[in-house]
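The structure follows.
Letters A, B, C and D mark the chains as written, and numbering starts fresh at 1 in each.
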Amino acid sequence: MLANRILANEGVLDAFGHVSARHPSDPARFIISRSLSPGQVTVDDLQLLDAGGARIGGDGRASYAEVAIHAGLYRRRADAMAVCHSHASAVIPFSVTDMALRPITHIGAVMGPRVPVWDSAMKFGDRMLVTTAEQGDSLAEAVGDGSVALMRGHGFAAAAQNLRACVMIAIRVMQDARHLSAALSLGPVTYLSAAEVKLSRSLILSPLSMDRAWGYWTSRLPR
Amino acid sequence: MLANRILANEGVLDAFGHVSARHPSDPARFIISRSLSPGQVTVDDLQLLDAGGARIGGDGRASYAEVAIHAGLYRRRADAMAVCHSHASAVIPFSVTDMALRPITHIGAVMGPRVPVWDSAMKFGDRMLVTTAEQGDSLAEAVGDGSVALMRGHGFAAAAQNLRACVMIAIRVMQDARHLSAALSLGPVTYLSAAEVKLSRSLILSPLSMDRAWGYWTSRLPR
Amino acid sequence: MLANRILANEGVLDAFGHVSARHPSDPARFIISRSLSPGQVTVDDLQLLDAGGARIGGDGRASYAEVAIHAGLYRRRADAMAVCHSHASAVIPFSVTDMALRPITHIGAVMGPRVPVWDSAMKFGDRMLVTTAEQGDSLAEAVGDGSVALMRGHGFAAAAQNLRACVMIAIRVMQDARHLSAALSLGPVTYLSAAEVKLSRSLILSPLSMDRAWGYWTSRLPR
Amino acid sequence: MLANRILANEGVLDAFGHVSARHPSDPARFIISRSLSPGQVTVDDLQLLDAGGARIGGDGRASYAEVAIHAGLYRRRADAMAVCHSHASAVIPFSVTDMALRPITHIGAVMGPRVPVWDSAMKFGDRMLVTTAEQGDSLAEAVGDGSVALMRGHGFAAAAQNLRACVMIAIRVMQDARHLSAALSLGPVTYLSAAEVKLSRSLILSPLSMDRAWGYWTSRLPR
């Protein structure tokens, strides 16, 4: 619930987009809100879904149309404990052009060295929504061992080792996308080196850093 | 009233601009506020106008100067149940340059495959406001069977099958205009295909999607 | 006081900048706050200054360093009943480049057909602040019979026939500067014709339009 | 505490970044919050550190990872009474491109005539954080006798003669970076002359100006 509210408050999620967490004791299942804008989610809205995206807990209200994004990532990535799907404006330009999204700041390093772009039209025709297991698998394949993949004309999907890291990645991929857009208008850009990405990423996702950020995000939530 | 407040709160309307609804039982008439900024509209401000834009209900306070936009669209488009006119900043650049406004995201698809630009100066000289039936007809002709037309140096006019869809179109044409401006600064852009526009548009305007968005917008209104 | 608060709330003025009104019954004098950020001004902060910028009413607290801007415009322009000086970010780029600021929307027409740039360094060396009568005269000469002049690396000065019009001009020169910056990034721009500027300007500054805008701005003020 | 809250509220600091003050009676020491986002700092969070960055006062909770930035500047610059480190988005593009950050407005003059870029990778390999005395010395050398240096892919460090001036420099380097980015998109830019920088800087950092700005920033703090 808190992750939903933080991501809504920080502008990562609006009416659309969603965040989920793998069930802590049953790794074949994950917890996600029913179809509802993230800023409005309460505990009564949570549902339990299985690895196929089928609802096995929570009441009968409609699930998000794109739970297949989450299911696909949980199936492929045993290490992923949290998944986020967002339409954040800042990443859209990188999803529809040939300009690669790469980190230029140490905090942006949480996105990994380079963010691939997945295009639903390459295999699945005119459907832009990810609603089938095949689409979920394909998107998860694009994410691979990384943290995030852009979805052409749509947004991004991120996976992380815990929910806090997932929130950090979602917020910072958006912010570094803004930084990079602005920097590119000034001239050729110096990106982080591969070693800088690796070292910075581990520092930003460390407990000291994450505690500070989580405290900051929660302090900004409307009471 | 709610549509007025949502569009003001989401930045589509400010001091200027307006939204109207065709009368549910008398299709030759439509309901619109008296001349007032949309965020301030209450039930006492609503007026009933006929298909010529003449006031036939509500008190004697002044109507908006540009009710002809609404009247023109209701006359031409029997299917249109709601109309919105906005000066949203994000669309202005596309109204004064040769760069076409087209959707690059599945949600932006609600604007249709391409947004035409209507220029008042082509037929009506130096008057930029739409105040006559002839101007209203001309603008409605530019919208045609579509959802929205830009007005050169002025804003846009949108028509939709219901009020919620009209609000969605107004908000998302503005947001995808921002996305497209940003994307164009990075390089050549991949737009949605015609088939993607068609399919995405129907999904975004479906009840499940619209319920979620409407709940989101209303949750953001100041109490 | 209300003009101060509106201009602060709409982002035209911040810690710096100021707005004044000619005294209604004594045209050789004008009313302006003591040196204080505009959002904080109360009735106790108002001072009465003469056409030379000397304080003749209000307590002994310091005046703004740049009251010479106001005094200069009131001296030259007998028709001006209000003056505003702002550092609004949106106009800065046009003050330090050769790109001319001209209106591209009907509301932006309130700035007039073209906004001249006044450069203090042309006559007054390295001083960027306008603190002498000679500088005030020079700036007022740049405004001429128009509504506003940019000040290189500094902001703008606007003069108007009444306080409401001055607020409208200040807000809209800022907004159309943003529009124009964005449009120029897309390609060659169609500006308003001279006749469109003239007609639109008179419509936007008409009572019906100004009442609506003033009601909007005041409704947005924090209680 | 107030400086922390102002810098958070004005968008200079977010979850990360920090501001410190040299101890008023013991110049070999400085006061800084424990590791906490600046908007949350209270008096109980303040710690006393020595010129080597070691904690000698306050409870045992973790210090910021980068106190070496502050320690380095206090060691080198006997005149510096306050230091700020920020990740402000507006300066990032100038830290990763060859475009120099220089003031284009009289208020931006507080940054000095030109802002150098310090790149941790030139001497310290892949570590982007400033955690050692050697790094602190190197960064302080880049600041030199100036007010601020950019840190490649990271942010900036600023030093000033008092805490209020430090806050002003931090806010205005960010705002003029935005101005300059926008101006560069319009064409070649006229920067302030060296003499204009010098004169404007002293005027903006004068008591009359700083009192007004400090009053403005505090009036904007949430109650």
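Quick note on the criterion: a contact is a pair of C-beta atoms (placed from the backbone, for glycine too) under 8 Å apart; a residue touches a chain by one contact, two chains touch by 3 or more.
Predicted, not measured: the structure shown is a model, and the values here were computed from it.
Engineer: What's the minimum number of touch steps needed to get from subunit B to subunit D?
Structural biologist: 2
Engineer: Measuring between mean CA coordinates, which chain is farthest from subunit D?
Structural biologist: B
Engineer: Which is it for copies subunit A and subunit B: same residues on both faces, with over half shared, or different residues?
Structural biologist: Homomeric contact, different residues on each side for the most part.
Engineer: Compute the distance, rounded to whole Å, between the mean C-alpha positions of subunit A and subunit D.
Structural biologist: The mean C-alpha positions of subunit A and subunit D differ by 32 Å.
Engineer: I'd like to verify one number: the distance from the centre of subunit A to the centre of subunit C, where each centre is the average of its C-alpha atoms, in whole angstrom.
Structural biologist: Distance between chain centres: 45 Å.
Engineer: Among the residues of subunit A, which are close enough to touch at least two other chains?
Structural biologist: If we look for residues of subunit A contacting two or more partner chains, we find 185.
Engineer: Which word fits how the chains touch one another: line, ring, star, complete or other?
Structural biologist: ring
Engineer: List the residues on subunit C that touch subunit D in their complex, please.
Structural biologist: For this pair, the touching residues of subunit C are 14-16, 35-37, 39-40, 62, 65, 87, 89, 92-94, 96-99, 121, 125-129, 152-155, 181, 184-185.
Engineer: Could you pull out which subunit C residues touch subunit B in their complex?
Structural biologist: Residues 104-107, 175, 178-179, 182-183, 185-193, 195-196, 198-200, 203, 208-209, 212-213, 215-217, 219-220 of subunit C touch subunit B in their complex.
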